[in-house]
Amino acid sequence: MMAILGDNRYGKAEVRVVRVDRSSEPHTLSDWNVSVSLAGDMREVHLSGANDRVLPTDTQKNTVYALAQQLGAVEPEVFALTLARHFVDRQAGISRARVQLHSYGWTAVGPHSLVRSGAEVRTVTVLHDEQSGSWVVGGLRELTLLNTTDSEFWGFARDEFTTLAETTDRILATSVEARWRFRNADCNWAAAYARARQALVDAFVSTYSYSLQQTLYAMGCRVLAEVPEACEVRLALPNKHHFLVDLQPFGQPNDNEVYLAADRPYGLIEGQVLADDAPDAGPAWP
Amino acid sequence: MMAILGDNRYGKAEVRVVRVDRSSEPHTLSDWNVSVSLAGDMREVHLSGANDRVLPTDTQKNTVYALAQQLGAVEPEVFALTLARHFVDRQAGISRARVQLHSYGWTAVGPHSLVRSGAEVRTVTVLHDEQSGSWVVGGLRELTLLNTTDSEFWGFARDEFTTLAETTDRILATSVEARWRFRNADCNWAAAYARARQALVDAFVSTYSYSLQQTLYAMGCRVLAEVPEACEVRLALPNKHHFLVDLQPFGQPNDNEVYLAADRPYGLIEGQVLADDAPDAGPAWP
Amino acid sequence: MMAILGDNRYGKAEVRVVRVDRSSEPHTLSDWNVSVSLAGDMREVHLSGANDRVLPTDTQKNTVYALAQQLGAVEPEVFALTLARHFVDRQAGISRARVQLHSYGWTAVGPHSLVRSGAEVRTVTVLHDEQSGSWVVGGLRELTLLNTTDSEFWGFARDEFTTLAETTDRILATSVEARWRFRNADCNWAAAYARARQALVDAFVSTYSYSLQQTLYAMGCRVLAEVPEACEVRLALPNKHHFLVDLQPFGQPNDNEVYLAADRPYGLIEGQVLADDAPDAGPAWP
Amino acid sequence: MMAILGDNRYGKAEVRVVRVDRSSEPHTLSDWNVSVSLAGDMREVHLSGANDRVLPTDTQKNTVYALAQQLGAVEPEVFALTLARHFVDRQAGISRARVQLHSYGWTAVGPHSLVRSGAEVRTVTVLHDEQSGSWVVGGLRELTLLNTTDSEFWGFARDEFTTLAETTDRILATSVEARWRFRNADCNWAAAYARARQALVDAFVSTYSYSLQQTLYAMGCRVLAEVPEACEVRLALPNKHHFLVDLQPFGQPNDNEVYLAADRPYGLIEGQVLADDAPDAGPAWP
């Protein structure tokens, strides 16, 4: 048996960069966590430790800060695209760069004061490949939604280990992780993000749900409908169980009022919704 | 040497209870994490394992759920007071109960749909003692605030290990943990909380700061001014350092624009501000 | 544009099961975190919410506990294989099951007492597909290794953003995440795990390193050499930077003695090493 | 109402310092997380922002690194004592310093290679006060212990919310947080730590337990017996519940074999055990 080197990549993860835009009041912030991963012909460094094709991850970190200054106030997708192309276009031996970016939200509370919003994180993943070009995946995570009613779960398959009672009225709660693949690397990114986020909320709110899968599919369809620039949506929805507490031992009613919010285990529903004319995804997804 | 038993207490920590109020639309949630800690004459259980004075922590958990149903839609301070008194008043051998409660915020996005706000957590600590009565401490945590300017730091003490440069313009950012002691166990709790939170934000925003200590003191004073029901404020303010990145090696300016948001280490400023007529704190603080 | 449903799966995540083996002293524990994910023809539930092909995730949880009792003391790979096959073989509409399992280590400190070891977590991922059969990937994570010397980094590529100094003696530290694909679903699992773990440690310790990539490749090769039952290794190695602190401003030497252990950002080196006769991976990898 | 400044302190938290001792093989590591908190007459900086008495927290961080080099290979208690006295002795206006230190364990796997042990963290808290001198509290945390048997719980108090069944055989598991106050600031620190840790394990293992309170008290007494240099022990023991899974619905026995390891809520038992000749604790405890 001979060992051979397979796929490989390297980079700097979790570069925390904050850029202040003071051009008008209230001041605004770009508060980002940026991770870079580069690939190319890196055979030598693995086999012998020869680093001449290895741009240090420290340099990648420096590049994040330098580009943040050069680019000024841009949408995170533009930043990630520029950063990914920078490495592929200028570094011999690097044929592919992936940039992942998390963007944290802040709200103005004064002309130069902000409060961290604390809600969902906007995500961007860009892949730039010297052959196939640029691919952009937008997204969000930690958008926690809950319906107090209009959720049922019954008629499910049963086996000898099934003890779950059917229900025609339950709490449905999830922490949305959603990603949507753009058709092109050119878009009104801010507007597309706003519409995608709203579509996720609207579909969750308005779907009378018989299963979280049904809600997932509705959310994916709504994003495609509201964001025609996107051609594919991937969703991961944990079912954050809220169990109705049994108060009968205490002689008390519990008319869908008092719940136990459970941590583990949780259901996890994952799915993909595509436009029927979606182009091939190529290397877009990690 | 003989060993003797000193202070002790026991209870159930982190009971996650969610109560839905469906009495009007939009539905609202009480989403709480409740911890109970009881003390009294518990000598026997420590020495011999005799449990006859030990109300099980499982029962304490049950009590949280049962009271949530009985009390209906109440402010968290009322819930914590009722719960603490319940144990002291009814359980032989329990002379003191402490209840700590974290309350998570949700915002309506439909008649029966909500999104988790994700921002600060409201906190309540109640102590009820059969001798000294009830004590209420309100508070919040994870309120992250940032000023992009109006913060200086210079003229500080120096020794042989001092290398920090003085600055007349820096980012000032913190994640506020604040607690305020109420004079009485009776108050318009919701209004007091809203005024305290606003006071913290307003003081942070409006203080031209020469040190985080100065800002802390201003925040404490403002809470006392806006919430006369409170007589003491305790604050813990991490200095969430944002370091200006040195872009000179790349020939680029950095006119207070691009920052590195650091994780560790961080400054930590802690202080107490009291009304000059504050009554003794007794056992109010943990 | 029409929306179409793409890949999807669902299951119960993070079922925490502990099984005590009391058959001999010292007693031993299987302390596992088990996640199940099922796929098959789930079109209807997404489109209309019809659940008749949906075995509840609650049932999946029950099945974990029931099988833990039925199977008795088995290696985690055997448990995961049995669990995955259970769902595919017996549930109409389920054609593929993935089971992920984390196993936590405990050490005997008495005939029926144990202390949690706290070190690396053993991981197992099994996929069973009704067409292609069973696939087993072993692994570990959170194995934190450090060499105090015998690590250099120089001769790297440079651009205008490169400021890193070359070094011929640095600390090299990483938290190993390794996974190895087995050729067959039948093996002496415990022995293979022990050899793989030892191979990772030995290769890290004995490699005089000019780059973390070189160390990664050596680790992968060593696993393949010591565990011929495996045909592919995937490694993710964060470079846990230890920066030599500059004590010159204080007139002190720092002869590779005092370091700052950094959190973020960190280098991240990822790579795959294959046996030249490795069969196709099929659906083995998540 | 006038606002007045109460207690206050400030410092640098979580300075991560790693010191390599290369004086013999295998090399050893001091891997510490150090937090400093200083107090004194800090009225001016709170009221007006005048920083002339404020030694920057950045300087405190530098001092940690400089002392790590100056002191060489010392026990963490010696380091913390030296650091605390440094600030009080040399900085006008600082009358009290508290140093908290977490020490992480590593095990040699080669002459200059180590693996992180991952088990309990050793803790040190030192307070040095210009009036009352030096106080040392040793400790540990995250020492997770489990007995598979020899634990009962019955005969407890009951009320209308009690549903818990009595048991004469249960799993008892906890994650020990223990702190012990030393009589003097001079001791064989390494030996005392080893004896204290062993005493905690031995008492947990050898106590046939009717309640976790009883085990706690036994653990405290054992530390006092084995470490006469200590005069007081404080313990916080979460009851990490392991619930026997009900397999009856599946027609399966569960003879204390298969358990659900729960996360939240958990019991929390806290207590203090003192030597009868323990001197007053002064400002030793945070």
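Think of it as A, B, C and D in the order they're written, each chain with its own count starting at 1.
Rule of thumb we're sticking to: a contact is a pair of C-beta atoms (placed from the backbone, for glycine too) under 8 Å apart; a residue touches a chain by one contact, two chains touch by 3 or more.
Everything quoted here is computed from the prediction, not taken from an experiment.
A.B. asks: Among the chains, which one keeps its Cα centre farthest from the Cα centre of chain B?
C.D. replies: The most remote chain is C.
A.B. asks: Decide which interface, B-D or B-C, involves more C-beta pairs in contact, and give its chain pair.
C.D. replies: Counting C-beta pairs in contact for B-C and B-D gives the edge to B-D.
A.B. asks: Report, in whole Å, the distance between the mean C-alpha point of chain A and the mean C-alpha point of chain B.
C.D. replies: Taking the mean C-alpha position of each chain, the two centres sit 31 Å apart.
A.B. asks: CA centre of chain B versus CA centre of chain C: separation in Å?
C.D. replies: 38
A.B. asks: State, to the nearest whole Å, the distance from the C-alpha centre of chain B to the C-alpha centre of chain D.
C.D. replies: 23
A.B. asks: Counting only residues that touch at least two other chains, what does the list for chain B look like?
C.D. replies: Residues 16, 62, 66, 161, 163, 249-250, 263-264.
A.B. asks: Would you mind writing out the residues of chain D in touch with chain A in their complex?
C.D. replies: Contact set of chain D toward chain A: 160-161, 163, 249-250, 263-264.
A.B. asks: Which bits of chain A are touching chain B when the two form their complex?
C.D. replies: Contacts found on chain A: 16-20, 22, 27, 29, 31, 62, 65-66, 68-70, 106, 109-110, 112-120, 142-150, 171, 201, 204-206, 242, 245, 247, 249-250, 252-254, 256-263.
A.B. asks: Which residues, counting only chain D, touch chain B once they are in their complex?
C.D. replies: So the residues of chain D in touch with chain B come to 1-16, 35, 37, 42, 45-59, 61-63, 66, 90-93, 153-159, 161-164, 209-214, 216-217, 220-221, 224-225, 228, 232, 238-239, 264-277.
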